[in-house]
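Notes for the one structure printed next.
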Amino acid sequence: MIPGVSITEILTLTSILFFIGVYGFITRKNLVSILISVELILNSSVINFVVINKYLYPEMLQGMVYSIFIIAVAAAETALAVAIIINIYRRLSSVEVKETETMKY
Amino acid sequence: MDILSLFVIAPVLVIIALVFTKDLKQARMISMLGGLIQLGMAINLMFAYIRERAVDDSIMLFTRDLVWFEQFNIHYNIGVDGISVALILLTSIIVLAGVFISWKMEDLPKEFFISLIVLSTGVYGFFISIDLFTMFVFYEIAVIPMYLLIGIWGSGPKEYSAMKLTLMLMGASAILMVGILGIYFNSNADGGALTFNILEIAKVNIPFEAQKLFFPLTFIGFAILGALFPFHTWSPDGHASAPTAVSMLHAGVLMKLGGYGIFRVAMFLLPEGALEWSWFFIILSATGVIYGAFAALRQTDLKYINAYASVSHLGMVSFALLMLNKTAWNGAILQSLSHGFMTALFFALIGMIYGRTHTRDITKLGGLLKVIPFISVIYVIAGMALLGLPGFSGFVAEMNIFMGAFQHDSMFYRVATIISISAIVVTAVYVLRVVGIMLMGPVKNEAYTKLPGVTWYERTGILLLLIPIVGIGVAPLWISNMILESIQPFIQGVL
Amino acid sequence: MGSEAIIVFFLAGVILVAGANFLSNLISPKSDNLQKREPYESGMKTIGPTWVQFKVGYYLFAILFLIFDVEVAFLVPWAVVFADLGTVALVEIIIFLFILGLGLAYAWKKGALKWE
Amino acid sequence: MELNSFLLMRHEILLLSIILLLIIAEIFVPENRKTSIMHLALVFFGIHTAVGFFPLAEASLFGGMFRSNDMIHFFKVVLNIGVFTILLQSAEWLDKNVIKQDRGSEFFILLFASLLGMYFMISAGDFLMFYIGLELSTLPVAALAAFEIMKRQSGEAAVKFILSAALASGVSLFGITMLYATNGSIYFEDVISTLVANNLTILGFILFFAGLAFKISLVPFHFWTADVYQGSPISIASYLSVISKGAASFILMILLFTVLKPLMHIWEPLLYILALVTMFTGNLFALRQQNMKRFLAYSSIAQAGFILLGLMTGTQLGTATVVYFVTIYIFSNLAAFGVVQAISTKTGKENMDDYEGLYRTNPKLSLVMMLALFSLAGIPPVAGFFGKFFLFTAAASKGYYLLVFLAVVNVTISLYYYLLVIRAMFVRKGEDPIPFFRSKIYMKLGLLITVLGILALGLYSPLYDYIYDLSAVFN
Amino acid sequence: MNFLSINEWLLSFMPAGAVSIAKMVFIALIYLTVFAVLGLYLVLLERKVAAWFQLRLGPNRVGYKGMFQTLADALKLVSKELTGTVKADKFLYNLAPYFVIITALMALAVFPFTKDLQAYDINIGLFFLIAISSIGVIGILLGGWSSNNKFALIGAMRSGVQTISYELSVGLSLLTMVILSGSLQLSEIIEVQKDGWLIVQGHIPAMIAFMIYMISGTAETNRAPFDMVEAESELGAGFHTEYSGMKFAYFFLAEFINMFIIAAIATTVFFGGWLSPFGMTESIPFLGLFWFLAKTFVLVFLMMWFRWTFPRLRVDQLLTLEWKYLLPINLVNLVLMAVIVWLNLTIQF
């Protein structure tokens, strides 16, 4: 618990982080940027879990445990996504979204 | 083994046998055997029914009740009354005739006969069901082979027609399904369990609000199949594109499902709704009757003429049903039967003419009486029946309908009746027009002078259809009595 | 001193670098010469783009690292409390490490660890 | 903890052992014997499926994190059969393309890992297990979608899938944090007792719902579906459309009917709207598809809309009908994908035009396809009709007649495009029809299973009654 | 060191808020000065050690035996011109030094140099150290990439792959010891060692862990023999090719501080930190500091020893060493340690 910082402030921060992530996901044109946006979303959830646990329900560690698992999953997700993006880059020499639009409707 | 389930099992066995056939010869032999067996079964059923009816006065006879989906209280519940028996007989005759007419089906014969028999299975099942769910199942089973039958073996814009027909009929079943579910969920209005059983539901006083809501759905759902006026457009296209046997089966049997369903489900289960809505549907039906007749007048394609005639005649069926009295209902059922035989006969004849001349355009034909006298003569007879000359089945039916309709003494009913009756005149005009142009006069095309004669299987098919027409016309009472008896419980429910 | 120490040291680092940069800017000589600002390539002019494409192998190891490092993150809490948990924890971690090791062996077999 | 209780996780442990065995096999089997791994995997999984039929006790493990009951067990068996069928259907493709590149065992490992994720997801007793299961079931599929690395579309499909999956799960996770904030626990048992509707929980629920909506590809989250199906290998497309969607619907149903029941006044109208939008969008987009995979993708979106009809009831009837429908849907769609797979493996053709005249050259395949499509469309007497009818009954039981009506209108629309395929196969003769070919025994077996499923599930009513009895658990 | 008295003294003439700020500034200044000087003298030490190994004198002109040599070098670096390439990504180019310096300093914050001389006794100390040390690599990657120079880029990538690879082993070998200590808090880890240093308590697995730790620690700081990052024969100066003057000095300084940190961690975790081997630590205040520094410098010397003993590895050898040897051994070692703790086979006095 950080003295002088209330839960509201942290939750506001995470909400902002979350929406930056969503905004980035929608507006970014580069696959890697999109991936980073997704990571922002996941991290906002991680912070949320930790903070909620620490401030509201300190008697159990559920939020903490959850956050570790989120980190693990996020890592796996990133690893896979990066691998796929590299594969695309090697074939197309580009990681722009517009290059990956051969299929429509 | 109960004799009703046989009507479902026998066709399935025939289908299984057909799967193993190699060529046209085997396929048609098996189909013919199957058709004959079914005809035999139908006749047997009729006599058995008459015998049984003498000792048993419950609404449905030969009932059999097997639980199917216990949770929904869905049963495989079958039984027949006089109306069903008559219609089953109609079906079996037309199916057999259809097999004969399709004797020379070259392209994918096995599949053709399988589809045809699947269709007939659906129809039989529909007529013997007294459970709404099974009824609905068989309804759809009957509709869907039409797509393949028209699509594969049809002619002209067959893909379009097949699609239109299937979609409109499935759309109808969509509406119908909502209606059925509505009935189902109101079937516990008196505190009992939910049920699909028609006889059970009929005992329940379904709330008026529900009746008002679900009657039109049920009615339209069935009426589309019966080519009710604004929803009839699938029918002419479908008939025109279908191969002969399919047109016969379709116009002769499948469209009867509509009338039967209106009678058995919409009217019987939702009588108050029927009273509430009858004015609206009477207008539609009357319009259909007169519209069909006039449309037939303008067509030059033989099949279209007949198709619009069907619209007109089936309009009369729903019109009669909406009159809500015994005489009219009797007429409606008789009209269904008679129209079934007549229109099947017509389509058979048209198929033969087309098979020989390769055109259905009456303006290109002429003087056929000289070249193919047998077909032409039968055509004239069928035409006479169609316009309701005494001595043929059409007369009996229409007589009953208009007698019944005139029993209502309000202005509205009178006007509607008169409009509908006037269609008979138009009918006469278009029948005679066709006869005049196509059969009489000089032979227009040199190529038509030497046309092949009628083969034995064609003769058999035609005779199969002609006999009942004359039979009902000459001696209507025995069948009429059978129907009237069966109508009795229904009319009590409605009024 | 509590958690603010982290912030203090962070700021100290910033000040150190910024301050030294500032100092250096004050006293260092300045001369503008375009050639001096060319990328260094052993004295020759650079050939082609200088942001070259590098081997994909680097990514492969990055991905491998990512996976294993996260597994280590799971081991940390386990290691701390292991002494109190006893047999079950031992069995479970052996299973965990077995699967992890199997993954490593698989990567090895598949040639992911080969630098070519 | 007793070792006995681990038997509750029999499915999971067995499957995990198979995965590990395959990895070990992959490490030690020499290069030229790799085909045997495929047979090994098939046999193992077949045994696993068979073992699944033995009944399982009803209890929970790890303080409620993992739970199992007959319904969950039943659904796992269904998933097993589905995956087994997919494996059978894809055996030929694997043999032809994948094993040569020495990636055969990867296919199985990833697929099984994903299935393992599904197990955990549907057995979840808390949000953590649920989340892990969800991710474990999603991530390997992304790798599988990129499996044909030489095809450009495969990579595109994978990247689209993983990015949108990540977004969905992230959003869902954010929703879970809100539910956690209000309830103080991630265990379903605790949440059930404490959940009340307020602004935070409602927002949390809606965000949470998004994640599953993505997996079921409900409409605002369906954009990935068609592209991913088209780009991925067919077996993966069918896995996504069948197993993945089925499991997600199942867990969504469990969650809605138990944990989130207090929010029913929120999710009921929500599902109402989503069902409509999903059905119409799926159907209308399906109308214009030429590629069979895209076509089936949109059709599966539409089917998801139908599933919602049952989901929104929140009754035992709803549970039973949803499970029943999903089971039928699994078999029907597998049959359709199986035929596409068979044809594509032999000829590489995937377009609807290519199917013209198929009946005249390959009657059996086209009959299977017809059955599958009829089942999807809901034509009696095949199972799909019963599934749909009962779903509609469930919806009508709550008085949603208008919804049912619109749904049935959708059935009609869907029938149109299903008939387009049937038209191509049966009605048209085609200028260059696919020549006659024989499929391998695995493929035949795979199709046979689906056909049996399609026919038996509908006509043989005790199956439905069985499901209905099981579904009492969730209400 | 006890902060209490200083606290009272400061409170006598300024408000409470200012006191804490002043205290922080004070502490930071001390650390900065000490470690800047320490860094300079480590450089000198390195050169002297190199000279000894090569039987030469090393720096001996500036001051007594060259005592002020590196100071002079530092002054030279400060007064050098700061150049940068034209096409460099200016922002990242300037940002990179901050990363390396800040992470090095932040890592120092958690060490217990003696019983009370610890800026922040964080309860996840070891974890914090591992985490912070992995941020440093970002600075290197940024510097290498933003320079817009082929050598720098490749150097940075090599550094990246090397650092992250060996970080695994660093983390795992430390974790092995955590099983023994049962805590991540550095002060507690030292407390545990009152019954004997962990390397003794854990005997065989601890030895293995220590060896792995020293190898991978050396590699993580990119020092020889793992210094192909700056393999001058192929890559110029590696990732800092384009850095000159003061900006280069940061990397240089950071490298030596990192070396110190690696040695300090080893001291804390394996060799009892500030605990005296003879058990007199409590009585004399600054004896702990002496012992800590003494142990640390021995280890620093060890790392310098490596540099002049082993030839440089190729990149593939380097990765092979980590992934195919150290990592599997480490995993097995972890289990071994767990078994030893489970069976209570630890040696305690």
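Each chain carries a letter (A, B, C, D and E) given by its place in the written order, and its residues are counted from 1.
Here is the rule we use: contacts are C-beta pairs under 8 Å (C-beta built on N, C-alpha and C of every residue); 3 or more make two chains touch, one makes a residue touch a chain.
The UniProt protein names, listed by chain, are A = NADH-quinone oxidoreductase subunit K; B = NuoM family protein; C = NADH-quinone oxidoreductase subunit A; D = NADH-quinone oxidoreductase subunit N; E = NADH-quinone oxidoreductase subunit H.
Bear in mind the structure is a predicted one, so any value in this text is a computation, not a measurement.
Shared contact partners of chain A and chain C are D. The most centrally placed chain, judged by C-alpha centroids, is D.
Summed over C-beta pairs in contact, the chain pair with the top total is C-E. For chain C, the chain with the farthest CA centroid is B. The greatest centre-to-centre gap from chain E, using C-alpha centroids, is found for B. Between the Cα centres of chain C and chain D there is a gap of 40 Å. The distance from the centre of chain B (NuoM family protein) to the centre of chain E, with each centre set as the mean of the Cα atoms, comes to 94 Å. Our note on geometry: chain A versus chain D, Cα centroid distance of 26 Å, whole angstroms.
Separating the CA-averaged centres of chain B (NuoM family protein) and chain C is a span of 81 Å. Contact with two or more other chains is made by residues 76, 83 of chain A. Multi-chain contact residues of chain C, defined as those touching 2 or more other chains: 3, 62, 69. The list of touching chain pairs reads A-C, A-D, B-D, C-D, C-E. Per the touch definition, chain C reaches chain E in the complex via residues 1-6, 8-14, 16-17, 20-21, 23-25, 27-31, 34, 36-42, 46, 50-52, 54-55, 57-58, 61-62, 64-65, 68-69, 72, 75-76, 79-84, 86-87, 90, 93-94, 97, 100-101, 104, 108, 113-116.
Contacts from chain A toward chain D in the complex involve residues 18, 21-22, 25, 31, 34-35, 38, 41-42, 44-45, 48-49, 52, 56-57, 60, 62-63, 65-66, 69-70, 73, 76-77, 80-81, 83-85, 87-88, 91-92, 100-103, 105. Chain B (NuoM family protein) makes touch with chain D in their complex at residues 68-72, 74, 108, 133, 136-138, 140-141, 144, 147-148, 151-152, 158-159, 162-163, 166-167, 170-171, 173-175, 177-178, 181-182, 184-185, 213, 217.
Of all the residues in chain C, the ones that touch chain A in their complex are 3, 56, 59, 62-63, 66-67, 69-71, 73-74, 77.
Contact residues on chain D toward chain C in their complex (touch as defined above): 1, 20, 23-24, 26-27.
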